[in-house]
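Next up: some structures, all given as structure tokens.
What follows is subunit A paired twice: with subunit B in the first complex and subunit C in the second.
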Partner chain A sequence: MDQGRISAGQLTLLVMSFTIGSWIVLPTGLQSGQNIWLIILFGLGGGMFFACLGLLLYRRFPGKNLFEIHELVFGPVIGKFFSLLYLWFFLQTGGGTLGVFVTMLKSTVFTATPDLALLVPWVIIVIYGCRRGIEVIARSNQPLILATVGLILISILLVLNIFEADNLLPFLDKPFSRIAWDALGVAVFPFGQGVIFMMILPRVNRQQKVAGAVFGGLIGAGLVLMIIQSLAVGVLGKVAEVLVFPTYEFYRIIDIAQVLTRLELIPLLNFLTMGFIKIMLCLYALAFGTAQLFNLRTYRPLAIPIGVLLLVVARRIFPSVSEHMRYFEEVQPYYGLFFCLVLPLITLGTALLRGRARREMAP
Partner chain B sequence: MFKFLWRKLRLAHLRKKNPLPRMYRELSPDLEVNLTAIRRELGASPDLIIRRITVGSAPATTGALLYIDGLIDQQIVHRDIISPLLNGEKGRKGQDSKGLLEYLVRQVLSVGAVKKEPKFEPVVQALLEGKTVLFLDGQAEALLLATEGWEKRAINEPDAERIILGPHEGFTENIRINTALLRRKITNPGLHFEEMKLGRRTRTTVAIAYLKGIVNEKLVAEVRSRLKRVNIDLVLDANYLNEFISDAPFSIFPTVGFTERPDVTAAKLLEGRVAIFVDGTPVVSTVPVLLVESFQSPDDYNFPYYYATFIRWFRYISFVLAVLAPALFVALGSYHQELIPTPLLITIKSATEGTPFPLVVEMVMMGAVFEIIREAGVRLARPVGQTISIVGALVVGEAAVTAGLVGAPTIIVIAITAIATFVVPDLLGPGIILRLFFTILAGVFGAYGILIGLLFILLHLTSLRSFGVPYLSPLVPLSPGDLKDVLIRAPIWAMRTRPRLIGWSQPERQPFGFGSSGTEEGEEGEAEDGG
Partner chain C sequence: MIVLMILIFLLLFLWEAPGLMAQEYWRELAVFTILLIVGLVLSLLLLTGVKLPYIESFWLNLFEKIV
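Entry: the complex of A and B
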């Protein structure tokens, strides 16, 4: 198995990249219009709550990843069943990201390119990175997230002349149920998907810093997303609600002295690099988890077949953008809650009960 | 797959331990037996000189001096060995044959290093290294006299690493001169050399150099053990060993550094690195090496820091240009025309109007032509080389455009790229290969291909290590303190620490502030640092 270690700082950056991931171009909760930043804030709160759950569980079993915890709590058979459920979740997360990725490229730049021509090279480098281990993933993430955050901060300067603060008003004009529902959607995706880090936490070299690193990453990602979405709404106004890729579209409007134009490469670059890290982490968790499930000596050979599986899932999972949007609007909140709230709660509850039972039996 | 192949190769290589030294034969007390044995060992080589002599008068002892012509200094042999043996010997009386060798060493022979050797094989080896061997009849020991002296190249400035200001000397082919050049730079008892013979047949002298107290002892042990494992029959250049001891032998990036300059070697040793000298080559390897070192030139430290920083950034930009310019041009020109401002697009389009090949084919073709011209220019005699470059660059380029085979913008891009490649000579090889790789990717996938290539290279670079140190450090993983010599070239007085991952056993280079002189400036400096 992979023996690589990452630092707490690298974990923070990984959480950031993973959370920014595909959401940066295909945000959910757009119906809430100018309240999007508030929704991200609420979503961040929800995400932090999910992270608390995960970290509580991790604190009971320090140094164990999610699958090991399952086996410790439920025993080998039921534990493996729970782990299998999560394997599906990782597969769906990674495949979904890859799907968004193709959708995005096909509907913006590569309108005539076949899916496979885009997917195959991408999956090849993802497999290559995955086989190099978590250390390499964490390290290569550093310059990518720095570049992304840097580009987004520069974007603030770029849109100064077309940004209209009035677009961010009126405040809270939508019914509260609408906002709550959208916030739930955001809490589950992207923040809740961070449950995948339960597979990686034991690899951090200074364990006492784990919690801080995770929260730092979530908050950092929340801030970045808030900035970029507010910019999109501020520039596009009401139009943002009907566009599929508002963060992509607003860069097209930027025009500074006819020199800095056509800057849509910036969001594309951000999305591709962050999505790259997200897909690679998903593949890593998948391959690593599968190897653990079957007590294999190494996960590396698994990266290739599972990578191909990811490719297949990505092609099948979202036949079109509109179905994708509908999925995020209507299904994802329930579905995601099951994995980032219900299952961890069951595990935590069982662990507590069994722990108490053991303590009562011991003396 | 490469990793697998490599592991197999490496295992096969490791399994073969160095063969144990052969059982050495003893020398015979009989002079003729020894001489016959030597003649049999060396064959009828005409450069083996056997000079028979008679030592002393009563009792007279016959003997023979052996040396290889050309490897010895004639003057030393004549003045310090033959002449005292024949003349100064008359006065000796009643010496028993047993003490004779000892007497010769102590009172007669005036050469510096003398060694007694009772075994046969070391004698032959010494002969081949340029020592003079003295056999005496009745003695089962030979005297090995240090008389090495052969034609050497003068100390020149290395062609591959030219600088404007600063020391202009470079290493030569002689390892002893090279170690001396280094000693002249670092007059410190901590400078240690460890010598070993590598190459089963060439028996080449290889020396590890390091600064005790600064270097990490584990690093020295690692270098030593990797070198000991090398089991090759010839070592002609540093690269023969580099490919053995490199961490990533299949990578296009060098994970062992090399230089021909004593000042560079001294600077690297003072950062806690280890240098490997190989006899017979002016190239000295230094480990561990980082990617950023390829962008550092000795001139950076000989010029004021602001100018050095400025130039260093141009070096980074040049390398990016050298690798990516053709690819970007191909991607923009054939896939993303909409990203080019319209007037520029029209100019480019009108220039490439009517050319028969796609941009990527043009680019690869002209790139190949350029590589051919470059290679021919390197191999040919210098005056002809210049002719080649003029014919190649001017005539071929101009003619290709005029004939309408290739667009003029392509030639411009190739020319810029070609010049930019030479700005970072250490990465010439990787640069050329990466350029081809990116150009083809851009031709197939456009900008998306370039991004894929960049991510692939990023993953590859982050997975590389050189003797345990991440290749991309201090950038990834980030050690902010070390960026003082990467993003900028900080003033020398501000570079207070050695690189974190390499020289951390003795991190401080200089005291904080401006030293203990107690001048006003010094106090100001210290106050600044405190605040």
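Entry: the complex of A and C
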């Protein structure tokens, strides 16, 4: 298995990249319009709660990843069943990101390029990264996340002449139920998907810093997403609610002295880099988890066939963006809650009960 | 096209399998082969135009039925 070690700082950056992932170009909760920053703030709160649950579980079983914890708590049969459920979740997350990647490129830049011509090279690089191990993923992530955050900070200056603060008002004009629902959606995607890091936490070299690193990453990602979506709403106003890729669209209308124009490459670049890390982490968790499920000695050979499966899933994940958005609006909150809240709660509850039973039985 | 697809998967197998055999990683080889065959079958189904269900549409339909 992978013996690579990453530092707490690298974990923070990985959490940031993973969370920013595909959400940066295809955000959910846009129906809340100018309240989007508040939605992200609430979503971040929810995401931190999910992270707390995961970290509590990890604290009870230090040095064990999610699948090992399942086997320790539920025994080999039910434990493996729980792990299988999570494998499906990772597959759908990775495949979904890959699907968004193709949809985004096909509807913006490469309109006439066949899907496979975009997917295959991407998957080959992802498989290569996955086979190199978590250390390489973490190190390759460092310049990418710095570039992404740098570009987003520069964007604040770029939109100064077209940003209208009035677009961010009136504040809280939507019913609370709408805001709560959208916040829940954001809490499970992108923040809740961080449950995948339960597979990576044992690889951190200073275990006492794990919790701080995860929270730091979530807050960092929350801030970045809040900035970029507030800019989108500030520039586009009400139009942002109906656009599929609002971030992409607002970069298109940046115009500084007719010199700096058509900067839509920036959000594409952000998405390509962050999406790349997200898909790679999903593939790593999938290959590592599958190897653990079958008690294998190495996960590396599984990267290729699982990469192929990711490719197939990416082709059959959603028929159109509108269907994808409908899925996120209607199903994802429940679906995500099952993996971010219900399953970890059941695991934690069972672990606590079994721990108490064992203590009472001991002489 | 189907032959090309099978050839690609065969190449992928030949790329990985000898190393696993040399190290006597039989279990790993078995899981690798099974997963690769699953991938091949799904790819061939996609290639021949079989309408595999869309995952998110499946969840949407299931959810609508439940609610």
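Convention: the second predicted complex is superposed on the first by the 363 of 363 C-alpha atoms of A that agree within 3 Å, B and C clash if a C-alpha of one lies under 4 Å from a C-alpha of the other, contacts with A are read in each partner's own complex, and residues count from 1 in each chain.
One rule holds in what follows: a contact is a pair of C-beta atoms (placed from the backbone, for glycine too) under 8 Å apart; a residue touches a chain by one contact, two chains touch by 3 or more.
The structure displayed is predicted, hence computed values, not measured ones.
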First (subunit B), second (subunit C), both or neither touched by A:315: second
Subunit B versus subunit C as contact partner of A:248, first or second or both or neither: neither
Touched partner set for A:290, first subunit B, second subunit C, both or neither: second
Touching partner for A:129 - first (subunit B), second (subunit C), both, neither: first
Which superposed partner A:89 touches (first subunit B, second subunit C, both, neither): neither
Which of subunit B and subunit C A:331 touches, first, second, both or neither: second
Set intersection of subunit A contacts, subunit C complex versus subunit B complex: none
Partner subunit C, residues of subunit A touching it in the complex: 92, 95-96, 290-291, 294-298, 301-302, 304-306, 308-309, 312-313, 315-319, 323-324, 326-327, 330-331, 334-335
Touch list for subunit C against partner subunit A, complex: 12, 15-16, 19-20, 25, 27-29, 31-32, 35-36, 38-40, 42-43, 46, 52-57, 59-60, 63
In the complex with subunit B, residue positions of subunit A that touch it: 7, 10, 105, 109-110, 117-118, 121-122, 125, 128-129, 132-133, 136, 139-140, 142-144, 258, 261-262, 265, 269, 272-273, 276
Contact footprint of subunit A on subunit B as seen in their complex: 336, 338-339, 341, 445-449, 451-452, 455-456, 458-459, 462-463, 470, 472, 475-478
